[in-house]
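The same subunit A turns up in both complexes below, where it pairs with subunit B and then with subunit C.
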Partner chain A sequence: MSSVDTTPADTDGLVTIFRRVLETDDVAADSDFFLLGGDSLIATRVLSAVARNYGVELSFEDFVLAPTPAGLVELIAAAR
Partner chain B sequence: MTNNRSIHGASSDLIDAFTETVRRYPERPAVVHHGDTLTYRQLGELVRTLAHRLGTGPGVVAVPATHTPDTVVALLGILAAGGAYCPVDPAFPPQRRQDMLAAVGCRTAVGPGIAQPGVRVVELPGTTTGTPAGAQDAPERTGPEQPAYLLFTSGSTGQPKPVVTPRRAISATVDSLRTLFGLTAEDRVLQFASLNWDTCFEEILPTLTGGAALVLDRDAHSGSFPRFLRMVERERIGVLDLPTAFWHELVLHLAEEGLALPECVRLLVIGGEAANPARLADWAALDTGRIRLLNTYGSTETTLITHAVDLHGPLAAARDRPWAAGDRVPIGRALPHVYERISEQGELLIGGPAVALGYLGLPEATADRFTEDAEGVRWYRTGDRVGRAPDGVLTHQGRLDGEFKVRGIRVDPAEVEAHLAGHPGVHAVAVTGTTLAGRSALVAYVVPRAGAAAGTLGADLRTYLRDRVPGHLVPSRITVVPELVLTASGKVDRAGSHRLHSARGAGAGRGTGEGAGAQLPEPEPAHH
Partner chain C sequence: MTGPTTNGPTANGPARVASAVVIGAGLAGLTAAEGLAARGVEVTVLEARPRVGGRTHGIEVAPGAWIDAGAAYLGAKHTELLALIKDLDLATTPTTMLGASRFALSPTTEADADGELATRDGRFPPLNAVALGDLFDRLAELTAQVDPEAPWLTPDAERLDALTAAEWAEQELDHPDARLFFPLFLGEMMAADPADVSVLHMAFYLRSGGGLRYLNAFEGGAQEDRVAGGAHLLCERLAARLTDRRPGSVRLGEPVRSVVQDGEGVTVHTEAGGVYRAEVAVVALPPLLAESLDLRPVRPAPRAGERTGRGCAVKVNLVYPAPVWRAHGLSGWSVNARGPLLSTVDDSPADAPDGSRVGVLTGFVTGAEAHRYAALGPEEQRAAAVEQAASLFPMLPEPIGFHRTDWVNEPYSKGCYAALFGPGDWSRLGPALTAPHGRVHWAGTETSTEFFGLLEGAIRSGHRVVTEILDAEG
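What follows is the complex of A and B.
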């Protein structure tokens, strides 16, 4: 998938995605998506945004293991 | 089977219909799991073997339900033995699972995962090994009024509230659904819904009594829409049955990517909560004209689906204008096995064979919702207010009680309040439903007890609930507040407390024009 896009994932970009999906500004690099009221349903929006912006398809299982902007940046880097 | 007994009312027993399907289509695929296929003959043998291991009339049988062919075998094997299927989600907290088993007096379990004193564990026949021993007839089954399955709905006391559904209800409903879905032996139907709720029966039972193939695949649950869509294409899925909330997300994804569903999809069934007319407009703008989009309505107490209507596609009524925000999306017309009545208050009542037996061990709760009329017909009060459009379809107008839907699952806010009130740091609590981040969600307002650590109470309560209740009962937002709004009679005013405090909540849920903080949204229709 990386042929689609090679934009490097950065924490700021993931924080922005979290803010948009959770509709809150209260997001930092280490904020846990599920403690901010996220659930499996709207997690799909984060995964769709990651696929679109960075060309990496993560699964919900991946997300649960690293449910923070900083954690996702590492997953995206590792998946490339 | 030699005990092919009399036809009960309009429908023959579900297991007779399955046996007949095995006889007609022995070599057709029944269950496909990551490319491994069980034919109808193989599935029939596994079901018979399990039924023998269970013995005649095993009572309530617990199953740690997962998306595997084993769980399908367990469901059918239990029914073939005359028992009642009772799924217990392995992901639920242990205490919840124990409470569930205790509430239904379960003494038998199938497969691994439920090891408790006093519970006999029956091994599943292996789906990968050779022909199971014995080709005997299935054990003698019990009658149409015997329980087929037990499922737990939300109860105000904080304890699970088991609904008992008899065989005639599931048999009659599955007959109607095969026709509604237009199922043929050529169809391939995705198994998407959790096996711990009843929606999965809509997928499994019409399919396996119609000679079609049931497809299980882990990519259905990955949370990645690109992966989901590739799986649908790869597995040539013709029929999808998705929770409305998930369909909303799928439509957003398709619209943003400018995609349509793969060509193989002919029917998409949705249900669980009100369909959003904005998503319906998005859907109609995509290349979806050949796909039947079928909206469905029903409650656990009235067995899967009682009402349905084609919203879009080849069988939908023509519309004089496109769907737009603010439209009320209809919930449909009664299926052939369903009697309906609308009370003077506008409440929908459901009668006939689809109505469940009641709540196990809760005669008062049962009498409150289930009644019998002068002709001996049993009716269930749905708690849903409905109206009838000129063309006869029903529209949902709101709830008569405080219940609402979270990710398609019905929640009684009193149950969540009861659990929160059990925490030593909580003085008072109000729970209600609202729209957060564009989906239905639970919110809780908590007044701390004097001396409680208010700063960490919200996080503590989230952990506390996670250890005790299923995920859909954990509020998306828990806000610590100094006081709640009370009604004139001194009771907690949930809606009023939400109006007062949502504007200064945890910072989530505003700025999207979804109305959070200003008013409660329209409650969602009940389904399951």
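What follows is the complex of A and C.
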């Protein structure tokens, strides 16, 4: 994971992950994952993408507290 | 319902088919039979059991309160099923999923790995979310890769069809939490032990059912609703229509032994010595049963192979005076690493006319666990289920009813939810899955590449057969 640790987490990157996993383009920086129809199963796919892209492992509980692209950017920054 | 029958040659082509024998009074067979009868074909349905319904089966657990001992759930993508529900004057009832889920997945302490599993509440299993995400990413990739109409033509099909899901997991899954969760997930999704299905079949099944997320979800997914009063009503009402059209046209307790075809038609012989003659036959049986029919002349392609398995599901319905878990903020939903009940859901029927409501906790015993559980005696089965339910939900009183339906050993189903296609099956069986054998046509949820294994697939296969018989060119 060290090779990706320095990649800065940006809102666009998280929006892209949300779009892929939710299979919709209708995602903005403040879109709530669960209001867009996301469930706990595919939430894990956001977390695995975050771990791959940014080298940060977040828990499901973290995600529930900040289920938006902007919220996750802050969590990723705080976790580093 | 329709205009008068024309049996003679039409202006456009050869004589229309005027008579059919349908073997199997499950949802596929009855849909085909009613579709043919509505268009003027004289149809006789032969059913081995003393009831219609196949893998749907209703049990009355309290006066006026019915539960599904077999197939039960549906969602918005199941368009043919929703249309049939409407056509038959039936209604849907939402599956209730309010409150927290319970998870008994990890040992209480490291040192106590074989002891009691800690029970936790929440929305998410207490497992590593990133590891589960990796698992679902891989499954989603496989699902996207498969050719949904012809799985045997999938890129890399040869390798994917040769590999079991268990071998795949062994190779691909590193994290212990992913290894723990994968068989539970597959058991719940398709009543399969990972060793019993090919990777190709797993990927196909997930794709066919609408994708990983759709197939897994209750709200917004394939388990959004149930048929109010029980899914068996679909079959009972279809059978009633057939009987109204032509009394005696649905014959119960008539296991079929052989189907012999000649230049003019088919002759169906039953175990009891009955002989039925028609122009065409529809075999609406699960693959393992279709394969055991004595068909003459012998068909060129098999319906099942040596690795074709039985869907491994035993469904347990525990009945309580009320759904007491709800008052404790619990949904009744649970996922458990140890059996027999690998998962539970709240299947309480809607309020009875007098306002009373019983609570029904349905437990799913799937995969390898289904074989172990099925081998126990009735008292042991009851005790194991009641005890596990009480440890998950300590507020439960003694159940007032216990029902267990062993689909694995059911001679006229040979498994449930659906047949499990093992290594090599799709390559061998797939290309001839729906191809008629002369005057013999094939229905059944396992012949539908759309919603394979589900009620919706059964209905679609029935419709396909009607089109094949009545609208086919030449």
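Going forward, the second predicted complex is superposed on the first by the 76 of 80 C-alpha atoms of A that agree within 3 Å, B and C clash if a C-alpha of one lies under 4 Å from a C-alpha of the other, contacts with A are read in each partner's own complex, and residues count from 1 in each chain.
The rule we apply is simple: a contact is a pair of C-beta atoms (placed from the backbone, for glycine too) under 8 Å apart; a residue touches a chain by one contact, two chains touch by 3 or more.
Keep in mind the model is a prediction, meaning the values are calculated, not measured.
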item: Contacts of A:80 with subunit B and subunit C, given as first, second, both or neither; value: neither
item: Which of subunit B and subunit C A:36 touches, first, second, both or neither; value: first
item: More subunit A residues in contact [subunit B versus subunit C]; value: B
item: Touched partner set for A:26, first subunit B, second subunit C, both or neither; value: first
item: Subunit C-contacting residues of subunit A that also contact subunit B; value: 37, 39-45, 47-48, 51, 57-61, 63
item: Contacting residues of subunit A [partner subunit B, same complex]; value: 21-26, 35-45, 47-48, 51-52, 57-61, 63
item: Touching residues on subunit A, where the partner in the complex is subunit C; value: 37, 39-51, 57-61, 63-64
item: Interface residues, subunit C side, partner subunit A - complex; value: 123-124, 129-134, 136-137, 140, 212-213, 216-217, 220
item: Touching residues (chain side subunit B, partner subunit A) in the complex; value: 221-227, 245-246, 249, 252-253, 256-257, 407, 436-439, 441, 459, 462, 471, 475-477, 506-512
